Amino acid sequence: MIDLLATHFNYLAVVALLAIGLYGVTASPNLVKKIIGLNVFQVGIFLFFVTSGFVDGAAPPLLGHGSAPYASPLPHVLILTAIVVGVSLTAVALALVVRIYDAYGTLDEDAIEEVRTYD
Amino acid sequence: MSGTGSDGVYVESTIIMTTVRVIAPFVFTFGLFVMFHGAESAGGGFQGGVLVAAAVLLLAFAFGIDATRAWLAGPLTRTAIAGGGAAFALIGVGAIVLDGAFLEYVAYDVGSTGVKYGIELVELGIGAVVSGVLVGLFFSLASGDFTTSTGDAPDNERDAATPGGEEA
Amino acid sequence: MTDALPLLVVVPIVFALAPIAVDRVRENTGWLAAAAAAVAHLGLSFSVLGTVLGSGRTSYAVGGYAPPFGIELVADGVSAVLVVLVSAVTLATVVYARSVGPRSNTFYSELLVLTAGISGVVVTGDLFNLYVFLEITGLATYALVATGRSPAAALAGLKYLLVGTIGASLYLLGVGYLYISTGTLNMADLAGLLPAVGYDSPVLLTGFALLVVGLGVKTALFPLHTWQPDAYAESPTSVTAYISALVSTAAAYALFRVIYTVFTPTFDAAVPAALDVLVVLASVSVVVGSVLAVLQSDLKRMLAYSSVAQFGLVVAGFAVVNQTAAIGGLVHLVGHAVMKAGLFVAVGALATVAGGRTVDDLAGMADRAPVVSGAFAVLSFALVGVPPAVGFAGKWHIVLGAVEAGRWIVAGVAVVSTLLTLAYFARVLERLYFRDAPVAAGVADRPDAATASDTDAALTADGSGSGGAAGADNNPVDAVPTVPPQARVVVVVAAVAAVVLGVFATDLISVLEPVVEVSFQ
Amino acid sequence: MTSEAIVLAAVLTFSALGAAAAILLRDVLNAIIAFAAFSFGIATVWVLLAAPDVALTEAAVGAGITTVFFLVTIAKTVRPGGERLFERIEWRSVAVVAILSGALLATVGSLPAVGAADAPVATSPVTEYYLANAYSETGVENAVTAVLAAYRGFDTFGEATVVISAGVAVLLVLRQEAYV
Amino acid sequence: MTEILSLRPLAAVLLPAIGVLAIVALRRNPDVREGATILTALATFGIVASIVPATLSGDVYVTRLGTLVPGIELTLSADPLGMIFALVASLLWLVTSFYSIGYMRGLDEHSQTRYFAAFAGSVGAALGVSFASNLVSLYVFYELLTVATYPLVAHDESETAREAGRKYLTYTFGGGVAVLAGAVLVFWTTGTVAFTPGGIAALASADPVIARAAFALLAGGFGVKAALMPVHSWLPDAMVAPTPVSGLLHAVAVVKSGVFGVARVVLDVFGPETISELGVGLPLAAVAALTILVASVIALRQDNLKRRLAYSTISQLSYIVLGLGILSPTSLVGGLLHIPAHAFMKLTLFFCAGAIHVETHTDNISEMAGIGRRMPVTMAAFAVASLGMAGLPLVAGFVSKWYLLIGSIDSGTAVFAGVLFLSGLLNIGYFWPIVYQAFFQTADDSDAKPLVEFPLGGQRVRADGGDPVDRDEEDDGTAGGDDDQTDPADTESSAGDDQTDPNGGADPDTGLDAGALIDTTPTEGTVEPDIDPSEGESQVELEAKVEGEYAVDRHPSDHRRDERGDDDPAPADAVPDTEHHADGTDDGHSHHGGAPASGWEARGFGAETTWFMLGPITVAAAGAVALGIAPRAMVFLAVIQRVVFEVTGVAV
């Protein structure tokens, strides 16, 4: 068990981040914090990928700037792309939040629900 | 962020303005460097684009969003976006025209360094897109006067603007 | 190797840039760019289809880097059929949006980006590339949903964004699980490497589960469908028609790729329980979706829940894992897209004329919009599964495949769903054709019925009383809205396509079949 | 456990705490600050995992642009009153989260150890091909850039599309016609 | 049997489809539109008839339309069995087309274009059913038939009609789905669904459980349209449709497509041998026998003429199924021959009912006393057809029943012979009073008919029949299958109240009051077990009688208001007490049922109604007689004998 903790700590962190993120998305009453949760959730997945490309003692994959072993560049590429996707999603989500606030005057999910049923 | 409100909450601060005036060109240059230098070290079009956008954002914080917006008004942003995207696409399609596959830099047949130049052009395109979009996003989010605006937005909007204040 | 494959993605994006570049200089730029892109896309799709029909499966190495090192695009029978579908629906949407909007340049840019995203999902042969295109699709869809005028549209868009992003992220995590155990992302390469890892390894099983759940969210399978009814109901009709036809379809197609190309039927043989679970999930989706559809009074919501059910059927066909059912799933996937898009456009058109879009609002609309009503009727019966329309061809294969595989639950559910589908369409048709329009609803005559207010009168009023009042208020006789001709064209084309596809289902199947056959070898 | 691993574990723990704080802090501004701290922590993690490109991006995006966007948003909207420091715990969400984490935790043991040189990713022909040929084929020293722009250029094209799409999307959502 | 590639079967199916287009295109000009109907019908019949010589000489015209789904061809083949149905449908469509014109114009009905278009579509689908060469193609047309008929059932656009339409769709689609499931099972076990005279060989060796399940699904599915009990109740409700529809579709095309489906299953999918090995023939025959008897009993208790005819149809259709279930060659001939025989006779009867309705707006038998004076030819034709129904010689019914009788005795199931005798008596029981009172009584001296007035039975549908307020119970709303019941009915029923009600004491007293009467849900427990629940509404009346009188009679205005509570926007009648419109049926034309106060006037030959109606009536009646006198000359018997010979190898 201790051994597992030592060798697989990153994955435990992955699960922790996923859990925190998912909790944030589902439990936060505030729409902005839901989006924060979404970001945390995605970072959990990024961590999973980057960890998968890591080798003990590896140098960054700047060929010629270090010596083997290098970390696998592929996961880094994937995560770069995923980060960009993530920030784009965040921007759109925040724009939606701004518009929702404009219409309902609140960012509290329950309050919005109340307003809607009241309409 | 003292400069956020498009409605005049912005308070001029000499220290910030001076600092930004000094820093912004450096940030901008560093952004361009990162964009171009992605081939040799960490960095690339995306990171560089973000930094370039950050420089603009700094200006906006220092000199006020409206002032910066007025300064940037015109086709600059959308040219950056459309031009960057088109550059990327055209480099890809150009390879097809030259009988290669999409994005096959080798097809340009400009020697062994050709690939590298192709990659750097692509990075530049991405940088243009990213900086353009991020600047655009920032101003869009910050402006917030919607054509749909129902006019019932509560007054506390302005109050809320202040505590957001001093960041970044 | 055909250059049309990457161009399917690149061309719409290049055209999407045009309105951004010109911006407000010309009002029409957006529509013109979209129309040009749609036509070009259609040409490319047919060229891909031609290539596939001529030489079978074709692979394209982007950048000239051979897979698995570079990204591979794949054109086979299934993807060729789907890109043609994408082009056709795009073209129809562009035509339709000309009359009903939205008209802004940004709308058309986003629509083209969405087209590019879906095309990418369809042609890619790489799991991570698929993720990127899923996200392009998703992002564009969230924004398009929010183009609806109501504040609820923004809320629906955000809800969709949150749920959809969680789904896509779970998919990405699933890709991570496969990647960490094989080191590759190429679908074909993975298919070769997975058996060595061991299909019953917990890592692969978790990966599979994550992929399925992630795509299940995007496909809107029950109980992961929660975003879907709001998104469909709140977005403008042109958007609803487009996303109902293609977005969930793309996700279901991705699921097909995961099950058949990546995991292959040998996975089912090794771990039958995995797909049993999916069969149950899909079957529940069929039944619950249909029942919920029956309970709706808002037509767009009804059609939305209907999609939940129909995609349940499609996925059930996939999850049965035999050749016949898989083909049935694919046929229904294509057929459903055509039928549902037509139905949404028809509902949009009818709702414009009727001044409301609940079931009761449509009373007597057959007289005022005969063509659209007729097409709606044809599409409804097609979706119910009345032969020879395409709905039948899909269901037949799914049921037959399910029986062959001994998955009686799927066969039973498919049969039950037919009746439930009939239930929610029949009441609409009945309102359309066999009830008088409520406009002149003898309001003067009505007080005695209204004031009589005994239980009987209340019971028999059946909601038409209120519908009548609303109709009378909203529709002054002198300003009766009419069905835009573009809508009429689109609906009729959809109806004809649904029947023609059904009549030529054999040809459709002969294009799809080789793909499924290969995965069973 | 090597010293690098201990540092990594410490930074990861710090980041996770930052994330938890961002979720649990009731005041949104505090939450955003916690989120920025979390992003810095994660950027450090990327450096420790030999991913400087990702680290640079995370710093620029997570701690930079994303945070600015969050701040602009709350400046345009409203923060809930801060009578409590932390949110109440939603037990239903906890249950949902527990299912996911339980399922994932069950597989952690089956995953290859962190940094194992014989892990499938490290030994995969794809990784080896990139490390062996990226420089000679592209003339680019940064293998990440080579893979990003050349081998997986189509992904990157998609990425650029996402960015453009987001730009257009925000205009659509906010019903504006022009960027500036 | 040689197959000849020909486009004729396709033409027969396509012509009505083209007719649909023509009818829709010509909607602006009703006369030309009707011309299109007649021309199409004529051409269609011509094509079908042109195939007959080939059929008699053993050739089969086949049109191949390619593959429907892999492994299953979409082929139309005019084999002898299909020809029977095709001939009946196309010939009678022609006759009915004329009648439709007279009927629809006589009543000045709305939506006539839709009506004629759907009619042509239905016949096209029916021809497709007859020429389909395998189960799946059959299913294709079977479902199309459902879709095409639905607008006809719901034509009236009243709540009752919609209710009936809904029920029709539900029942028949349910049946269709069962057929599809059965077809899947057959395809799965044998790899083919093509019709093969004598049965698909592989089914004989298939797993008996699966084979039985497939048979149950197929027979059950087709049984819905064949109105086998207990899935028959859509048929009486569908009588809300205009009478020509009831006549052609619900006595000929639609219900016969169900029966025809059963015939296909018995003869060409399983084959008599396999069926008797599986032991599923007897249950089928038993269901049919039960249906014959129960439906006849129910028919006795209907006062509405069309409803009585509907139950008669249910009963008569089961003759065919009975013949198919008994499985002996002779009974097969009898069963199949009953397809045309019943078609001619029942069509005559419906035509008569329709003519009466158009001319006098009378729908209830109790109001028809003396109507023979008013409509002599019509009622004479009615009498002839009734005799045929009962199986008396010289009319078509006799021949088919004769074969059935011989067949059932041959095969050692004499109990079915008993059923046939008994049902013949019941037939006389429910037809004779109509004929008798039409000719030999007048409105004034008509007495209560014992069977009709039997206290348990609903002597007539309640005057406000089919009130939709009961719709939450499945079988209500069916009540008013037909239009307009009127005050005289109420009066008469009040007369009936004088009789002691033996069951009255057993009925739970639900404490009815004026308001509660209508939506009282009949308690099923008080209905006799063998009686269809749709008779529930009579129970309401019984309960009303316990109260002493009808709430309706006490508060006529309340009553009317209740009825109009639904969506029907038509303004109500201005004059109370003279007429009660049944709900929703009174759009545009109001009816006065029953004899005028002065009694039925006498009209001479040809003056009773238009020739558009009289002509078809006489033709149909003549057909029924011709089929009875010279069955062989009418082609049908010869074709049927060929069918049975091909299937069983026995020449009958």
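The first chain written gets the first letter, and so on, giving A, B, C, D and E; residue counts start at 1 in each chain.
Note that a contact is a pair of C-beta atoms (placed from the backbone, for glycine too) under 8 Å apart; a residue touches a chain by one contact, two chains touch by 3 or more.
Which chain is which protein? Per UniProt: A, B, C, D = Cation:proton antiporter.
Please read these numbers as outputs of a predicted model, since none were measured by experiment.
Steps from subunit C to subunit D, minimised over paths through touching chains, total 1.
Shared contact partners of subunit D and subunit E comprise C. Touching subunit B and subunit D at once are the following chains: A, C.
The most distant chain from subunit B is E, comparing centres defined as mean Cα coordinates. Compare each chain's C-alpha centroid with the centroid of every protein C-alpha atom shown, and the nearest one belongs to C. Looking at which of B-C and A-B shares more C-beta pairs in contact, the answer is the pair B-C.
At the far end from subunit A, in terms of centres built from Cα atoms, lies E. Centroids of subunit A and subunit B (each the mean of its C-alpha atoms) stand 22 Å apart. Per-chain Cα centroids separate subunit C from subunit E by 42 Å.
Subunit A and subunit C have Cα centroids lying 29 Å from one another. A straight line joining the Cα centres of subunit A and subunit D is 5 Å long. Within subunit A, the positions touching two or more other chains are listed as 18, 22, 35, 52, 60, 62, 65, 72, 74-75, 78, 80-81, 84-85, 88-89, 91-92, 94-99, 101, 103.
Shared contact sites, meaning residues of subunit E that touch two or more other chains, are absent. For subunit D, residues that reach two or more other chains under the stated contact definition are 52-53, 57, 61, 65, 69, 72-74, 76-78, 104, 111-112, 119, 121-122, 124, 126-127, 130, 141-142, 144, 146, 148, 150, 152-159, 161-167, 169-171, 173-175, 178. Per the contact rule defined earlier, chains pair up in contact as A-B, A-C, A-D, B-C, B-D, C-D, C-E.
Residues 128, 131-132, 135, 138-139, 142-143, 146, 151-152, 154-155, 157-158, 161-162, 165-166, 169, 172-173, 176, 179-180, 183, 185 of subunit C are the ones that touch subunit A when the two sit in their complex.
Subunit C contributes residues 363, 381, 384, 386-388, 392-393, 395-397, 399-400, 403-404, 411, 415, 418-419, 422-423, 426-427, 429-430, 433-436, 438, 440-442, 445, 448-449, 452, 454-462, 464-465, 468, 505-506, 509-510, 513 to its touches with subunit E in the complex. Put simply, subunit A touches subunit C in their complex at residues 18, 22, 25, 31, 34-35, 38, 41-42, 45, 48-49, 52, 72, 74-75, 78, 81-82, 85, 88-89, 92-93, 96-97, 99-100, 103-104, 112, 116.
Residues of subunit C touching subunit B in their complex: 1, 3, 6-7, 10, 13-14, 17-18, 20-21, 23, 60-64, 149, 151.
Taken in their complex, subunit A has these residues touching subunit B: 60, 62, 65, 80, 84, 91, 94-95, 98-99, 101-103, 105.
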